[in-house]
Structures are given as C-alpha cells and as structure tokens.
C-alpha cells in the first residue's frame, strides 16, 4: 500500500471574486482530491486567506510540477503562499532555561506522536536540562550567557540553527530576550510562551504583576517572536480562574499548566500549517 | 444601492473526490462570489458535508435559475441539499410554560437584531407569558392542556403552525412532551432546550438529579426534538461549575443562564444555516 | 412565624493568633447561631479577613446591642469591620448611557429576586433608557452632559444620590468618566463594568484594541471605581474565546454577554457582603 | 528554627447551633492558632461540615493529647472526625494499565512537590509501565490478570497494600473493575479517574459513546470507587469542547488532558484533607 502523500497549501492575498474557485479548479484539473478546505475573507482589510489540505497519492503529478504550475496563477492574484509536503517533517530546536515544565510537556507530546516534527536539539543557558534531553536521546547544548557574552552565545545558537537546518525555534520558558539579530534571522519562525494573558502583564514577573493587580483570571500566551518584546502575533491563549487565597507560588503552579497547554497547542497549529499571518494578527484554521 | 442578496447552500452526500471543486466550479461558472465556504469529510462514515455562503448581488442569474441548474449536478452526486435565500427570513413560533427566562432572552436578542427571523407567535399552556408577548407586540395563544385534552391542544398548535407558515418551533422551556404526531409533522424543525448536560440527567427534574448525584458541573443542551425523549441531535451545550454550597434553587438559577445561552446559540446556528444533520449527530459550521 | 433576622459581619485587621475564636466566642456568648463563616489570612501581608453570617432570630440581643458589645473587642484588634442587617436592603442607583444590555440584565435579575436591593432610580446622559425604566415603574432622570456642563451634571447626580440615600452606584455601561469629586464622595460605593479583561485594554474602545492586537480571548471586568481610570479593585472577570472571523461587531456582541454576567455577579457579591477590600485587591468570600 | 507542625481537623455531624464556636473555643483554649477554617451547613440534610487547619508549632500540647481532649467533645455532638498531622505523609499506591499518561502526570507532579505524599509502589496488569517506574526509582509490580486469575491477582494487590501500609490507592487508568472484596477493604480510599463526564457514559469506551451521541463537550471525572461501577462520590470533573471534526482518536487525545488534570486535582484535594463525604456527595473545601 502506497503511503498517503498529503500536502498543505496556504494562501493569502488581496480579496477578489472567485479566488476559492481558482484554487479548487486548479487542484481538480490535476485530479487531486481536497481533504480539507478553509477560507476566510476579512471584509475590513479586504484580504483573502485559505488553507487547502490535499492528497497527491495516486496522482501523476509531482509536488515540484504542481508548484511550477501554480506559481503563475498565484502571481496573477498577488498571492503569498506555500505548499508543504507533510512527509517533510519540520525540524525543531527547543531553547529552555531552568524551569522544565514546558520542555517536559513538549517531549512527552512528541514521544506520544502528537507533534509532527523532528526535534533536532535542545539548548539551555542552564546545565540542568541536559539530564532530560539525554533521557530522550536528544542532543543538548549548554550555552551559558552573561551580558558580556550574549553576542557570542547568540552566534552559537544561530550556528546550531543553521547547522541543523532548523525550521522552528521554540522558546519553552527561555528566560532571555533574544536580540533583534536573532529575531530578524528567523522571521515568524520563533515561537514563545509568555506567562501572562497578553497584552496584560508583558515583561518580567507577570505572576507577581497579576497578584499585585488582583486579577481574577490568569493566562498564558503563545506567540511569534518579533523585535518588540511580547508584542508578536498571538497563536493561542489559555486562562484559569484564581482567587485571593492564591499566593505567587500558586499562580506560578497554576500558570505552568496554562503555559504547557498553550505552547503545545500553538506549536501543533504551526506544525500543521494552520496559522496564517496578517500584520500583528493570526488567522487560525483549526 | 442594491441590497446584498445572500444565499446559503448546504450539501451532504457520500464522499468522493472533487466534490468541493464541483460546488465552486458551478458557482464560478455563474460569476458568483463565494463569501464563505466550509467543508467536512467524515472519514469513518465516508460522508461529505459542505456549506457555501455566496452573494447573488449583481449576478444575472436568479435563485430559481440557479436551483434549476444545480439540481441535476446534485442528483449525480446523490446530494441532500438546500439553498436558502437569506432575505427570506424564517418564521419562528415559541412555545413556553411558566418560566420565562428563555423566552425573555430570545425576545431581547430578536429585538437587538441578533436573531435573523420573524417571530410569528408565542403560545403557552400557562396564561402568564401573555404580558411579555404583548409588551413586544407579538400574538399570544393560551393553550391550556390536561392529559385528557392533549390531542386537542396539539391539534391547535399544529393548526397555528400551519396557518402561520412556521419554519421552526422553539421550545423555550415548554415543560410538556410533544406526541410523536407533532414531532413527525415537523422533522428537525423543533428545537428544544433541555436543562442538563445530556445524556446525563435526561427526563424530568434534572437539577434535582444533578444535586443528588453530586456532580461538580451542570449543563444545558440545545437539541432537535425527535420521537425519543431528550435523544435528538445536539446543536449546542453549555456548562458551569457548581459546588456543595449550591442548593437546588442555586442550580436552577445558574442553570437558567446556561439554558439562555445554549438556546440562543443553537437557534442562531440553525437560522444561519450552520447546522447539518447526519444520523444522531450534527455538523456545525460556525 | 417570625421572619429570619440575618446579619453579616465583615472584618479585616492585622493577623494574629485566635482571631477566629474571638469572633465565634463573641457570637456564641450571645447564643447566636453562625450560618456561614469564611476566613482568610494573607501570609505575605500578615492580614486577617473574615465574614460571618449569623441569625439573630429568637435571640434576646438587638443588633444595636451587639454592635455596642462588639466595638471594644474590635478596637482591641484594630479591626475594620461592619455589621449589615440583611433586612435593610441596600439602595442602588444605576447610571447608563445609550447601550442598555447591562441595564436590562440588572432589571431582570432584580425582578426575578436575584439582586437583594432596592433600585432607587436610573439616570442617563441619553433619553432612550427612560422607556425601559418606566416599564419597570422606576424613576428616571435624564441628565445630559457636555464638557462644559459636566460639573453641573455631576452635582445633579450627587444630589440625587444624597436625596435617595443611595448605598451603591452602578455604572451599567455609563460611558462618561466621573470626576475625582464624585469618586471621592462615594469611596468603594461605585461599581463599574469595563468591557475588557483589565489591565489589558484599559481606556476607550477596548474591543477595537482587542481586534487590533489579535487576542484569542476577550473579557469583561467588574470593579470598584477609583480615581485612577480602570485601575480600581477587581471584583469579577469573565472571558470568552474569539477567533479571526470575529469582527468588531462580533466582539461587541459577545462581549456584551460577558459584561452582563460579570456585572451581575460583581454586584451580587457586593450586595451579599462577600467583598472585602485590601489595597488594590479584593477578597471574595463566595 | 522549629519546622511547622500543621494539623488538619475534619468534622461532620448533625447540624446544631454553636458548632463552629465549639471547635474554635477548643483550639483557642489550647492556645492554638487557626490557619484556615471552612464550614458548611447543609440546610436540607441538616448536616454540619467543617475543616480547620491549625498550627501546633510552639504549643505545649501534643497531637495525642489534643485528640484525647477532643474526643469527648466530638462524642457529645455525634461528630465523625479525624485529625491528620500533615508531617505524616500519606502512602499512595498507583495501579495502571497500558496507557501511561495519568501515571506520568502523577509522577511529575510528585517530583515537582505538588503532591504531598509518598508513592510506595506502582502496579500494573501490563509489563510496560515498569520502565517509567524504574526511571523514578519506584518499586514496580507486574500483576497480570485473566478472568480465571482475578481473585489471586486481587489478593496480591491487597497483600501489597497491607505490606506497604497504603492509605490511598489511585487507579490511574487501571482498566480492570475491582471486585467488591477490594472495594470493601479500602472504603473511600480508592480514587479513580473515569474518562467521561459522569453520569454520562459510564461503563466501557466512553469516548466512542460520546462520539456516537454527538455531544459538544467531553469530560473526565475523578471519584471514589464504590461497589457500584462509576457511581462513587465525585471529587472533581473537567470538560473540554469538541466538534464534528474530532475523531475518536481526537477525543481520546483531548480527553487524556482532562483525565490528567481531574485526577491530579482530585488526588491533591484528598491528600490535603479537603474532601468530606456525605452519602454519594462530596463537600470540597478548596
């Protein structure tokens, strides 16, 4: 039995009449069966977004051929687009600091075949996560950093990213701010988990801020990293109720569960090509 | 300026390759712009479901013509389908008993233009809702019922439904079980709100059952009425947390909010042609 | 049969050993039955909070007598405290602008005996809410306001508050910022509903801000009004999930439901003496 | 510095006037500081429930002495009660079958000091969990079972429970029904996680049942095991939204997260002496 050959096509472009028909006609003309189709037209921005998942199994056409034929059509409509062959698993690097709950959750989901990717390496400014990485037979890089060595350390990170052909860098509670150089090198390819319901409590120590402000709900936010701190496009948010009996330690403990959940969901959506970007916003086809 | 002429097309049929292209090609061939398209293939049941919202404004084709052209295509694929001109507002009747919180919520949403329908009449086995109906200038029918007069009362309901050309009957906490005769006369056209998280606590006095069982969450379920009590396809469910301090009265009060929310959401989804049926299940394109 | 004579005692003071015993011993010494007792010690602030609900029915002691006996004990422990005879219903004024969904919800809850208070009057800077007020046989005051007449209008509000012996002013989507003069005159006696998940999106047009920022959850916050805009102690927050398909109008519609829910809950907690204040935070004994 | 010496006192008895004062007076008479006090009177059942957490540090009285002095008072009021010295960590055994997500979550929470107990051993009818147990340096017992050997296997379980002085047996997705003999030997000392929102979908394959019924929310229920299958007192329930796109595999995956959360919460509440039982219901002082 031939294995399935699934491809995801993501499209965004200025809105116009008939764009969905353009896509579906193109696929039908190659005898390709659409498995899943999602589309969204933003009436205010006059912008069109679509995601088609289709199956090339048994088709005569190759993905390269398909890309070749699609390109002029996409150009006509000024589409930003990509086709992703799902059998080409994305390569992921995980950066983490001392607290390992997010790393641990990612590794378990990955082992349980819930994250469709290869984890190429784990790196940390702390030595502790080595033990967990090795337990899962994953390469670990200890990259300590001081204000003086930040440039050097970030160069080491970028070199590893280059060397391993990394598609996505996940900041799994990596408590260092990456410099613009790193962010620019990996546009919309760095996914962070922030431990608050953004835009509330951006910056450091959000649980302390939340306690001080006396909010009744705390949250976590999974977002793409941009040059502006904690201001990148949001992929997923989770919240939980708290009350006056919760200490900062309780908020940190409850928040850890939210962080795990939001990061895993955000990364899964990204890996499944379900996230389109438009300015500061995301369109999520889930 | 010509008003928008929006039409919803709902389709379900045995799954096959290219069905989405069939739909989009058909619409494109009439120069019709698709506003929104949702599709779902159930891999287990091998069944295809789709919803297309499109705009006939400025098209040369009439809806009648479109239906005429679509019919043979749909027949080829053994489609169950309907096209609904959104300017043809559905006609709704509301049945209610003594407790008016759901009726009240429906009327307010309707006045606030959140429910796209005409309310043709309100009927009740109690006299009290008359005041509220009149406040909103809506016809009210007091249809008292005893075990002996049930047949007669239901005939009166059916006559009103017939006379007013009713599309949907909403049971807004109507505490009488309709006989199979009524249910059969209005297949998937009666929407009920049940005051529990079905299938838990079907039947009478669900909040008492919930208290006795000591659950930590209560719910409400909006569903189509079928001949089997509280077993029809579910459109929407809502839940809320409760604890040991909640008396039956508290559950009833908290549950009333869930009932209002779930019924309004369920009815809105129905009126917007977002609900497809497949056996006991609903596909919701929201 | 004698009606129940329920009293709520709220206490906050520096924490110390035996404070709960002080309270319960005092009540037991007057043969008073405690119905409900909640207590919280904040370990960081070293502060003690308690709420006792008790029943004077059948007791020989009057509330005045009880207050008299309790005062020296409370002084010893530097308690901030109050006793509230539940048969003395609080007097509430509602301020509203054009959008009436919160007003409408409050009125219905009140009619349904879910809010234990008297509504003394409704005032608005718009004429429209008069109709709703009159439907419920409640006094209505149209108090239009311009930047030039703000002082005068606020004096009119304060005069009405004085005249009617108002305990709580509810801002049910009153879209004007009250001057410090009004806030100072009614410390922790003004309850507002803000249409965002504070501290995110303080200030005007929060739903527009939320859409622009691309958040995945929206919220509403019920809080006491202080001089600093949208920064007063939070009583209750509610949230709901949104996605890219939601327009500003959708956010406003979904948010309206959150506002209704959070405001009603916040006001109910206040009326039931379940809210204690400590700096910017609330302790909620629910 | 002397370590804290915290004790929890749980009480339930027929309701009467002054019971809270009885408790607080008793503790005050021994110069004991109450850290936390919760109380609930069920008006319908006329039953009283209370939990006091207090600190014996620096007190002259021993716990034995306190128990001795308390016993006659408790007898007078026909109290069911227990005092639990928190420094005496409860001994827990975990039974698991093939799926390890709940086991894994428990072990991580335990390592992270979020579960205040000793895990004495892990047992399974499958060999696989051995590896995970050994990774955490915990004794593992492989106890395979067939219909013919059930009696024998359960005797082995009971012998291990006896030998290790087990306080609580946790069924972390242990897919075997325990015989009445085991349940009776450990009354309210076996905690199970059921993979549905009970009482909906009791019995086997609840996710298949949920899919077939077309519910819009799935759940998980943590409860004490009683002789009647899936009918014991509920400690905690969690729910999540699902839709028509979810296959049984999706429900199982989403449900696994609910199971982990509800089981950890339920066990934590039990270990912290926050659960009182009354018939089929639980009173949770959280």
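Which chain is which? They are A, B, C and D, in the order written, and residues in each are numbered from 1.
Here is the rule we go by: contacts are C-beta pairs under 8 Å (C-beta built on N, C-alpha and C of every residue); 3 or more make two chains touch, one makes a residue touch a chain.
All values reported here derive from a predicted model rather than from experimental measurement.
Q: Counting C-beta pairs in contact, which comes out ahead: A-D or A-C?
A: A-C
Q: Among the chains, which is located farthest from chain B on the basis of C-alpha centroids?
A: Checked the centroid distances; the maximum from chain B is D.
Q: Same residues or different residues where chain C meets chain D? The copies count as same if more than half of the interface numbers are shared.
A: Looking at both copies, the contact residues mostly coincide.
Q: When the C-alpha atoms of chain A and chain D are each averaged to a single point, how far apart are the two points in Å?
A: Centre-to-centre distance between chain A and chain D: 37 Å.
Q: Please work out the Cα centroid separation of chain A and chain C, and write it as a whole number of Å.
A: Measuring from centre to centre gives 42 Å for this pair.
Q: Multi-chain contacts in chain A: which residues touch at least two other chains?
A: Touching at least two other chains: 40.
Q: Where on chain D is chain B touching in the complex?
A: Where chain D meets chain B, its residues are 40, 42-44, 49, 197-201, 212-217, 219, 233-237, 239, 243-245, 247, 280-284.
Q: Which of the residues in chain A end up touching chain B in this complex?
A: 17-18, 20-21, 24-25, 27-28, 31, 33-41
Q: Looking at the complex, which residues from chain C come into contact with chain B?
A: 101, 104, 108, 112, 114, 135, 253, 257, 261
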